[in-house]
Every structure is written in structure tokens, then in C-alpha cells.
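Shared chain: chain A. Partners: chain B in the first complex, chain C in the second.
Our next item is the complex of A and B:
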């Protein structure tokens, strides 16, 4: 009774989630009407089919919400609404380019299992501690899966091996698993080795005192092995995320300058290695094309493969999708073309990697820019949660930082690629892109954050 | 948020990255947006597209691109093309009518089911312009009124655009009178030159011709463009074929410029009606006797008259070089510069006339300083040589200002913009530049222009019942070349009054070559002005009613919004006296009577008969050939025969045409050989039967197999 008066409950979250459901329902309905009108069909004919998916999303969000209420949690009331709003925007865009089929795919292969894991973390926050205890075997499995994929994975139409088929389960994209494995591994490793390593730097290089090889080796080995597996899988986006996660977590995890320097050096070396490989090694020629297309997507310079002309220009080849997304952005303008009224299907991979171009074209900058702002809020909430955790919970803090960095890299690299701010790298945009494993991992990460918030609240009570 | 140390730094990085991404969105939309904007093909966008291409001015680039055999729009990035096509597919571009409601340009269903633009009056190509391969206006009125023709200036169309539904563009009703236009085109007889005819009261342009010119109907035809690219370089007969010479040409005006000098001198009081010029001693040369005006030691010859002494009026009427060289010599340079600028020669800021169509400013002199210090240059400029460059429109503007007492009603081409239901979207609002010179000056100059026709160099102009005035001009272009022949002037009868300016390039003396053209045009224009102008909206309906008693209603109507505007009848012959019969015959031999591919349906309003290349094609009924030649709208080599009573038949994709336009044929007569020209997948005969309201099913009129 006493606690009920002290704690105002989770009404903020309830209201915000109701708003998100409204936005989703309205957005899908308007898109449907727009699409029907364009085909000269009855404008309302598509609406009944939209009720089940909206109801499913509403039910899962309500489930998570009432689970939190049941546990009498009051912390972190805006994280879930923001994440679900971003998911809703993505779902509307997916519906626009892939129709109801895409919506169901996104829900059944990503959202439902992802929300399941999220609710698990809410319901039993101590799972995080269990994971901490089992970090080493768990992360080794996380490392082993991509390595197995690299050699035994399913080859897709582009020649890349991205997914692994385990028995009767649908193929899973293992590169998403290694990211979360790396987050846990580095958090565990830095907490364990951190203070000791910081005190006794052994190697002196110029003016820098580097830590002993012994301290660097396990973390370095993990990254190197993972990178090699991902390169073999030709998932260069994942390589980039892995490298930045490594650098960022070392930077955040150690108070002294030394490890931050190591992290940044590692990042620099990885980029350098990438650049060197791109001119010497044959496989990453894809990367080189992406650099060429990044510099000038409209270039009508002939595209060369090993010095041999391929018969197409940069603009017709790797520059094409960047051009399309730029024109989609311009076509959208401030307020967008209107839902269902633009031509986002011209953008290749509009449902996954380039989903932000769809948002910008049909919903305009007026929705796209706030979405970027909301991403920033999610990341900052994660950092804030890390900041308020007690100092002894080094592992949990680092996991939150890792999650924040992971989301950041995904958003920055992919939206940057969409807008030609960075060379194009194929990664998914968290919560928005159509993608099973990636969405599950991102939702699980939010679940972890909510779980840790719950633990903190329990500790304070 | 309370963050510290490293976490604070990370937070900064996250935030900064999102700000960078937002900035990039803003960069594309605001900084590069106009240049790359793909979905609103407005005038600005059209020009922006052209700017993207390397080069100097839009027009030059356009010319260069066309001469290279390319339509510049096709060189655009694929995403722009896709989005532009998407946008344009929803719009039915407006038609263009002349002042009597005659269709000058309209969309017509092409053989491939797509809509193509059809221009009915070839001589208007330089005025109307043409569309790019994507369907965007890129020259002439099609460019400057692109937004109107696409309907984008109307609120309802903007709404339709925003909601993604289709809509119709607005129609333009021009001031052009097709009869005057044709008379002008015929008068040039294919010679290089240009002419404009304006209503002197309003500045409405009744006719504007420029020769040689491109054919708007063939601008999508790569073979035609390649032909131009090969044959129309510098020094060829079709040099400058992309330029509308009437508004964009730059010619030396010759003595017509004496009118400007006269206005300046009278208006400032330098000369008066009473001024008399003495020319001194007459000399004799190999080309006859001449007088001389000496300035700064140089001699300016004056062979235009025999008299040793002439009044100002007769000096102007007989185009006495010595008199005008003297006026120029004695005139303060600033006066000449000022009055020339008021009339469109090197106008200063605020003096440029805001015309609604592209118009090249005329030039008084290359370097204004030269005319201040060089008396000789000023003297020859005042009599119409020197470094002057002008076009017929500018010279017509000079006469227009004279007739309006020193005020200038701005010339215009578009009278009304009509919405799809015939409602007026915009009506031309008269714009007048007042006080270019005094009314008294205007009255005097007008009188002297009449003297030119009555007793001066324009004596061979004889018009019954019409008061005419003007000025001849002979623009010397260089040794060994015939001069440009000019005539500028006006003609009046009662309250009807027209201004005409004509140039025929390298053709001889103005009074020999250009003055007769003036006389012809004055006669036709005054007559046409006397006829009542049809209400354009009513015109469409009346036509349908008038021809309704003839054939039965069409199986596939023409677009109802447009009415019967697309019969394309009367393209080279009226077909009015054609007499067919009720007896139709098959246009191909029995073994070729199978329908291949295209059946009669709205997107394909004819039948495709399986005639192999070289198989004879017969006239399906008796009548008169009203079209015979290449059709760029996808039909290839085409013959259209009028059968009277409103029926016409069309035979497309021929490999050879065996009849000439205007020829009378009887049913079953061979008119050509089947082929695969135009927009086809294989050889066949595309056969259409048209009535005023649309297309008939050919199988319904042909005898059963």
C-alpha cells in the first residue's frame, strides 16, 4: 500500500505505447488507402487485413507493459515506447514496399521472438547475472557459430554465406549473434582484467605504455577470429561493427588513456588493413567499388574489374542504389510524398538496408529527422542507465555501453550510407529494417537494458 | 542526463553522429534539391536539368545535345527518368489552340498505346517548341508554359498531385492566327528569314515565323536528329535551325534602325519637321552617283537618292544615309544610347522588357565606350550599320511604340489559360510601358513612315483601302554576300491595325524582297482581324455538332475532355471536296487479311493486318489524300485519306508511299507498299477509320471476309 502511493506506476509508458499503437494503425491504414487509390481499387478494401498485425503488436507491447507493472517497475518508461515507435515506422515502410507479406514476416520472424526474449529479461532480470557467470562458454559459442557459418553456411544468391541451418530450424544469420557475444565477452574480460592490466603496463612504445600482451591477447584473439569468419562470410558491415565495438568498449571500459589508445589504434589498424586489402586482395573489391560510388554516385567512369571493363559505369553499378536513395530523400522533401504515394520501390533493398529512404520519401524529413533524434535518445538512455548503475556492476555497465555502441554503429553506418555521408555498408537499421535475427538481437538488447533497470530498482528499494 | 567522463564523450559522439545525418538530409533536400529534384517537372526543374549538363547557356546546351543526336533528358540519371515518367504518367498535358480555337498541339494516342504530342502547324515549331523524350517541354512555349500545360498552376491539380491521382493540364489559347501564320510561312518561300505580325492595339502576336526551323513532330526521331547533326553545322543552309530567329536572331538592321535615330533626334529637339539637309556635291562611282557625309576624315557614302537637298521627312522616306550619319554624328552619345536602350538595344537594368516568352536583347554596339569617342561609329550606327544586332520582334516593338503614341503594349502570345472544363485559369493582362517618347514624336514618325510607302523606298507597296507605313532596310553583312532584306511597318484599316517586321537573310534590297512580303501579310492580317474570333470553348462543341449528321458515333471516342481535336484532317489538304461512297474495300489482298497482334481497342484504335513488306496497300474508299509522309508519332510512313462526310482512313508503317498529298484516289487504288517503319515490332499494315468523334472499328465498315 505504501509502495503504491510512493510509486506513480507506469502510466507515462502506457500513454506513450497507446500513442504508438495509434500511429501504427493510422500509418498502415493511410498507406493502404494510398496504395489502393493508386491502383484504382476501393480505398478501404485493404483495411480489414491490417487488423490482425496491429492487434498482435498491441498485444505484445501491452504484455511487456503489464509484465513491468506486475513487477511494480517504474524506471525507464520511455525506452520501450521509443523503440516501439521506431519499429512502427519501420513496419509502415515495410508494408509500403513489401505489403502484408512483409509485415507478417517481420512480426513472426523477428518481433514475436524478440519480444519474447525482451519479456524474459523483464520477468527474470537475474538472467543477466546468469549470463555473466557463463559468459566465456556462451561467447565462445557465439564465436563458433559464425566460424561454422563461414565454412558450412548456406550460400545465398550473391555468393555470400550469411546464415547457418541447424537441424529443422529456419536458417539463422549468425553474424548478429557474434556482436552480442562480443559485447558480453569484452564486458566480462574488461571487468576481470581491467584494473590489473591498467596498473602494469609492460610494453613501452614511443611515449605510450601499452599493456602486456597477456592482457590484450584474449580480447584481440576474439576480434581477430570473428573478423576472419565475417570476412570469409563477406559480411563487411559486421566486420565494421565488430571493430568499432572493440574500440569503443575498450575506450569506455578503462579509465586510463592506455586502453583507449589501444582501442583507437585497433580501429585505425583495422581501417588501414581494410584499405590495404581493398587494393591488393581480390575479394574486398566490393569495398573498393563502394568507395568509388561514395565519392561520386553519378560518375560515368567505366567500372573496372581487375582492370578489365565490365561494360557498365559507376552510376549504373554501385552508384545506382545511392542515387536512388538520394532522389527518394529529395522527393520526400519536408513533409514527404504521402504514405503510399511515393515511388520508394525504385530504391533497391528498400525493405531492409534502405528502409530509411522509404521513410524519408513517403513521410519526409518531418518524420525522418525526429526518428534520428529518437535513436539518439535511446543511446543516451542506455548510457545514462550505465552511469547510474553502482560502480561495482562494471560488467552490466559495459554491457549497456556495448549495446549503445552497437545501435549507434548500425544507425550511423546504414543511414550514413543511405544519405551518401559514408561509403555504403550493408547493415540493418535497428528496429526498422526487415530482418529476423537482427531485430531479435536488438529487442533482446533493449530487454537487457530494461532488466538491468529493474535490478537497479530492486537494489534501491 | 548525468553522464561523466568517457560515457559523456560517447554520448557526444552519438548525438553528433545523428546531427550529422540530419544535416545530410537537409543538405540533399535544400542545397542540392533544386538541382536534382526529380518529381516536380516544373519549368525550374526543366531548366535545372539542362543546367546539370556541362556547357554555357541552356539553349546552347540544348542545341549542342540535339546536334549530337541526343535528347538531353535521356542523358539524365536513371532515377530521375523513372521518377519523372512516374509523375508525368499521371498528367494529361494540355493542348494549345490558336485564337480561333484551331488545335496547334495536343496529345494523341500513339500506335504503341502511349500518348504522343502532335503539332498541326509546322511553321509554329519555333514558337511552340517541343517536348523531350520524357514528355517535358524543353523549348518554346512548351518550355515557358510547361507548368501551365501540366496544370501545376491550378490548385485542383496541385491537390490531385498531392494525393497521387491523375489530372489534366491546362490548355493554352494563343494570339496566333493560323491563316496569318501560314501566309507568313508561305511568303518566306523557304528562304532563311523571319517575320512577326502583331495587333497594333494590344501587342498580341498574330504570326511569328522563323525559317529554317526544326519540325516539332520529329524531335523524338533519332534519324531526323542525326540528319540535323550532320547537315546543320556552321555555314550550311540550315545553320541556326534551333533558333527562333524572330525573337532570338541577331541581324544587322540596316536602315530600319533609322527609325530609332529619328525618334531620338525628334524627341530631344535635335531635328524638327522643318529641318532640311544639304548633301553637297554629288559624286559618281561605278554603281552610280552618290553623296558623301564626312566624319573624322572618313567618308560615308549615300547612294539612296538623287536630290542634293531633302527635308527630314524625305530624308527618312528615301533613307538618306548622309542625313542620318549627320544626325548621329551631331547627336550626344548618351542620347543615342538612352533611346536605343528604351527600345530594346542594350537595355540597362529595369529597361529589359518582361516578355512572357524567351527573347534575346538587341545590341547597339559591342563596347559602349566606343560609341562615345568614335564619331564615325556613332554616325554609321545611326544610319543602321556599325555593330548593331537585332531581330524582327525588337524592330516590331519600335513600330508598336510609334503607333501607340510613345507607349508600348508588351507583345504577348498566350491570351488565355483554360482549365480542363473550359474554365479560365488565367487571362492575359495587358502590360504597357509608358512614355518611351512623346506623343508628338510618335505622330511625326508615323507620318514619315507613311511617306516612306507613299513617296519613298516603300513605293512598291500598294494596298487597296489600307493605310500603310514603314521603313525599308538593307543590312550589309559583308563583301560577296547579299545583304539582309528588311521591312518594318504597320497597316491600318478602320480600327484594325497591325505591325509587321520581316527579314529575309542574304536576299537583297529591303524594298525589293521584304516589302512585298509586308504587303501580303498586311492584307491577310487586316482581313483576319476583321473576322469575329470564335469562343474557343464553344468552338469544340460546334465542330462536333456540325459534323454530327455524317457518320455514326465512333466506337472509340476521342478523349471527351478534348472533344474532336485530333482528326488531324487538313494537314496538307482540306479534304473538303473528297467524296467517298458507302462501299469500302479491304486495304490489302485477301491472303493478308488476318489480324496480327493489334486488335481494335482503346489503346490501339485500329487493326493490324498481316501484310508482309512490299505487299500492296489499297485505298479503302475513294477520297483525297490529306496526309502523305513520315509521321513521328510512331506511325512511320503514313497516308491519311479523307472520304468526305467526316470519314478518314489511315494507313501506317508503309515501306513506300505511292501517292502525293492532295491527290484524289479511288477505292482499291494502290497507295503504297506495306512495311515496318515507325514504332513496330514487325511488318504489318496498321489501318484506322476515323470519324469526327473518334475511331470506328474498321471491321465494321469493311465488307465481311
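Our next item is the complex of A and C:
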């Protein structure tokens, strides 16, 4: 069936992308001038060095845009610009705290490969279908990588094993790969089993319907194995994301009553496991410290390690980074200190966990709040796309819901942690934080969404 | 303070920076509004609303249905013996909620809802709860009733 509507092109996206590149160039330039002024150097001396990174970003974004034009796609024009604007804000903040070195690291280890995958999905949207056909082996590889990391991974300075070294490649953080693997696995599995599980729910407990155990076992096993691997890796933030993804996708995929039953049962099991663990298992020091710091970052109480005082107080230990993040937020206020003119380097891990504190300090709430708004729009667009896809494409719809949940939950817990509204969780803010594998996975997720929009458009044409 | 000092310029450009971000934000909001809000309110038919009808080939045991009559289809149709179906088929071999016929914008999909006597597309039985694509002109059988899906 041929579409009779006039071909509207992709001009909205072109305008927005041009704006984004201008914002990036201006932001980096202002930061550079501000930094040079503080060191009493020539204010414009840092500018020539900024041309290559800006040109690289512009070239990749323009490449993706013209690829979409070439394929005559008109749907979903604001997802790519929003994501690149968030990336640009993050890159400016990274430049502020880590300099040109951090910028190149973010570009070469994250943005360039990530955009490569994104363009692959734009160029060949059928790849999603291929992935669907190969979901089981692919997601098992995604599960095997963290398990391998848990045992053979590179141990970092805090004693956590987060990355795996594969040959000559730089070490990759595998906990991000398991998230996307879980999204694909659950989508594939719910599509395959969900309907039958719902249709044949035989056990009825006072209005609650329970699907047969064999329908739930594989999905549950996947989550349990992944969780165990992540616990062994000491990546508790990823455990949280995995659990919310599991619950969210079950909610989206199953009938509400079945979900309620499964959810209640899961909650009961979790409480039981928690009760057992609280007696037998010592809560990991990372979680305990983060919770203590969350309750009162300025506490004078002595910090304990294995019951022994460590000689420092909570305020000097785990509370310190929260304090600095709060100070940075306050220093920024409504309009920010100005780019390059604040002191965000006091915040530990300002380039990854606390990147949002840097944005708030130097650009102020006047930029920070729109950034949050844009994250909400990303979630909304992904869910909208899931809603307009045909009902029969359950796999694709569930993948989109999973991606939306993944991105939104990470923003939620990280911004909450930065502002001390939630205990700090060690995950990344999508598109903003410095991080190779995480950025690649996030850009790939956006690529999948654009690819699915393209498939829908082809079907309607 | 000197009007053209570097600090004045920095201050001015900072607001240009913020202004550009808000410009992008406004374009985003306008686009979202244009694509979502207005379209929902206008009540226009969705692109490709259900082009097709069911032609009765064999009315089976359903009273008052003539062979050759056409049943208009919407983009989503439930078929079965119960009165709450979109298309009520009063054949004694048709289950209460027998099947569902959907137009996804490109193709027709038939899903058997766990019926007693099965749903057949071109003499091939559908697996329950697995939507199957139905090519135009295909013969459908539910219970004793037979249809042709016409464009």
C-alpha cells in the first residue's frame, strides 16, 4: 500500500542536530576560555584543540542523519537530537573535569563505536529481526560474559571485578551488556511463553492466576544467574537495574492478574531470602556505607569496618562525595557559576557517577532541569513507539519498553543519588557519564528504536 | 566594568548557550505536540484502517446468515458465539470467544483464542494464541462456518 501523504523529509531533525552541534561547540569553547582565564593564560589558546572533537561529533551525527534521509525515513525525528544534546552536555562536563583526554576517551571508546552500531540499525533495520531469531544464543553470551567477569575479570582499586579483558581490546564493563541481554531474553521469552502461560493459567488462588512453573522457570533462572554474577562482581547497582527491568517487563508482558500473582510470589520469596540473608550474610560494606552516607552525609559518627572503628567519621569517609555533590548543586544554583568557572573537581568521580553535579554547578538548574525533561521525553518516545507498533510484534514492543525502563531507571537512581534523595547507586547516567560499554549499549538501544520505527514505516508504505 | 571585557562576553555567551538549549527544547515540545496531541484529538482514522471484509462461503449452522453475504471488518474484530463479540457467529461448533482478526496496518492477522474446534486458514489449523498472517483471499474456517477474506 502506497502512502499518499506528502513526503515531509527530516527537516526537524536537521534543525535540531545543527542546534546541538552549536551548543556543543559553544559549551566547549566557553569552558576552555573559562579555564584559561583562571590560569591567567591567553583566553583563546585552548580553542584550536577543540575543533577535532567537535568536528568528529558533527560528522557522526550528520552521517546518521543523512543515512536516515537516504533511506527516506520520516518517523521519529527527535530521538537522535535529544540523545545527542544529552551527550553534548555530558561531554562538556567531562571536558571540564577530565580535560581533552577525557573527551577523546569518551569519543573513541564510546561514541564512535556506539554511533557505528546505531548507524548499522538505521541502515539495516532487519538486524533486529536477526537478533530476535538468535536471541537465545545472543542472550546466553550476554549472560556468560558477566559470569566470566565475576571469576576472571580485572580487579580494580576498590576490589570489584567489573571489566573483562578480551585479547588486545581495552577492558570492557560487562554489567551493561547483561542489561540489554536481559531485555532481549525477556522479550523473546514473554512473547513465546507469555500468551500460553496466560491462557493456560490453571491454578487459581482466590482470583489470582498462576501460570505453570515451567513457563516461569527459564526467565527466573536467567535473572537469578545474572544477579549472582553481578553480586560476585560487586556491582550492586546493576542488580537493582536488573530487578526493576525484570519486574517492569513482566508487568508489560503478562496479564495484570498473572503479574500480580507472580509479583506477590516474587516479593514473598525476596523477603524470605532477605530474612535468611540478614542473619547469615553480612551486608556488603559498599551498600552499608552508601546507606549510612545517604541518611546523614555530615554525621560525626565513627565509621566502622568489620565492627572496628576505622579512625575516620562518616562525614570524612563515604559522606564526603555526597557533601561535595550537594555543595556543587548549591554553588550552581539557578543559573550556574558559568562554564569553566566553578569548582566541580572537588566532587569525587565527577566524570562518571556525579556528572550531573558538574552540569548543575556550572550550567545551573536552568540547564539541569531541561536535561531531566529531555530524558522523560526519550522514555515517552520509546513507549509511544511501542504503542504504535502492531500488537503482533510483541517482541519488538517489549524490547522498546525494556529499553525505556532501562534508560529511565538509571537516570532516576543516579540523579536521586547526586541530590541525596536516594542512596547512591553506582550506575551511569545514560549518554552523559564517561563510560565505554555503557555508552555503546545506550546508543545501540536508540539505534534499535530508530530501526523499529523504520520497519513500521516500511510496513505502512 | 568594561562593556567588552572578556567577562562580559563570557556572561553573554553563557546565556546564548542556555538560549540555544531552550530553542532546541521548544522545537522538541512543538514536534511532540504536533505528533501526539493534535492527532489524538482530531479523531482521524489511523493510517491504513482495515481494508477488507469477510465473505460468508458456508454459513454452517448459524441461523439467518446467507452464503455470499459480506461482513465489514474493523481493524480489530473478535469472533465467537457470545453476544459481546464484534462479529457474533451463532454456529454450535464456534466457541464463545473463538478467534480475533486484526489489521496491523499492513497485514491481517488471525489469532485463535483457545477455541474448542480450532480455527483454520486455508485448511491449516492455527496454533492457539499464536497470531498468524492471513493472505488476502484466504479461506477461513471456524467451527462449521467458512469465510473468504476479501480486500
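Everything below uses one rule, namely that the second predicted complex is superposed on the first by the 427 of 461 C-alpha atoms of A that agree within 3 Å, B and C clash if a C-alpha of one lies under 4 Å from a C-alpha of the other, contacts with A are read in each partner's own complex, and residues count from 1 in each chain.
Simple rule for what comes next: a residue touches a chain if its C-beta (ideal position, glycine included) is under 8 Å from a C-beta of that chain, and two chains touch if they have at least 3 such contacts.
Note that this is a predicted model, so its numbers are computed, not measured.
Q: Which partner chains sit in contact with A:359 here, chain B, chain C, both or neither? Use first/second/both/neither.
A: In the superposed model, A:359 contacts neither chain B nor chain C.
Q: Applying the touch criterion given at the start, work out whether A:338 contacts chain B, chain C, both or neither, answering first, second, both or neither.
A: The answer is both, since A:338 touches chain B and chain C.
Q: Of the partners chain B and chain C, which touch A:408 in the superposed model: first, second, both, neither?
A: After superposing on A, A:408 lies in contact with chain B but is clear of chain C.
Q: Is A:251 contacted by the first partner chain B, the second partner chain C, both or neither?
A: In the superposition, A:251 touches chain B alone.
Q: Report for A:384: first if it touches chain B alone, second if chain C alone, otherwise both or neither.
A: In the superposition, A:384 touches chain B and chain C alike.
Q: For A:373 in the superposed arrangement: first (chain B), second (chain C), both or neither?
A: After superposition on chain A, A:373 lies in contact with both partners, chain B and chain C.
Q: Output check: A:21 vs chain B and chain C. Expected answer is one of first, second, both, neither. What do you get?
A: A:21: touches no partner chain.
Q: Counting only touches as set out at the top, which of chain B and chain C does A:326 meet: first, second, both, neither?
A: A:326 sits against chain B, while chain C stays out of touch.
Q: Just chain B (first), just chain C (second), both, or neither: which does A:452 touch?
A: The answer is neither, since A:452 touches no partner chain.
Q: Indicate the residue numbers of chain A shared between its chain B interface and its chain C interface, in ascending order.
A: On chain A, the residues that contact chain B in one structure and chain C in the other are 34, 37, 338, 341, 373, 380-381, 384.
Q: Help me check something: in the complex, which residues belonging to chain A touch chain C?
A: Those in contact with chain C are residues 1, 3, 12, 15-16, 19-20, 22-23, 26-27, 30, 33-34, 37, 43, 77-78, 81-82, 85, 195-196, 199, 335-336, 338-339, 341, 363, 366-367, 370, 373-374, 377, 380-381, 384, 390-393, 456, 459-460.
Q: Quick check: in the complex, which residue numbers of chain A touch chain B?
A: 34, 37-38, 248, 251-252, 255, 260, 298, 315-316, 320, 323-324, 326-327, 329-334, 337-338, 340-341, 343, 346, 360, 365, 368-369, 372-373, 375-376, 379-381, 383-384, 386-388, 401, 404-405, 408, 411-412, 415-416, 419-421
Q: Inside the complex, what are the residues of chain C that reach chain A?
A: 6, 10-11, 13-14, 16-18, 20-25, 27-28, 31-32, 36, 47-48, 51, 102, 104-107, 109, 113-114, 128-131
Q: Can you list the chain B residues touching chain A in their complex?
A: It comes out as residues 1-7, 9-11, 13-15, 17-18, 20-22, 24-26, 28-29, 32-33, 36-39, 77-80, 82-83, 86, 162-165.
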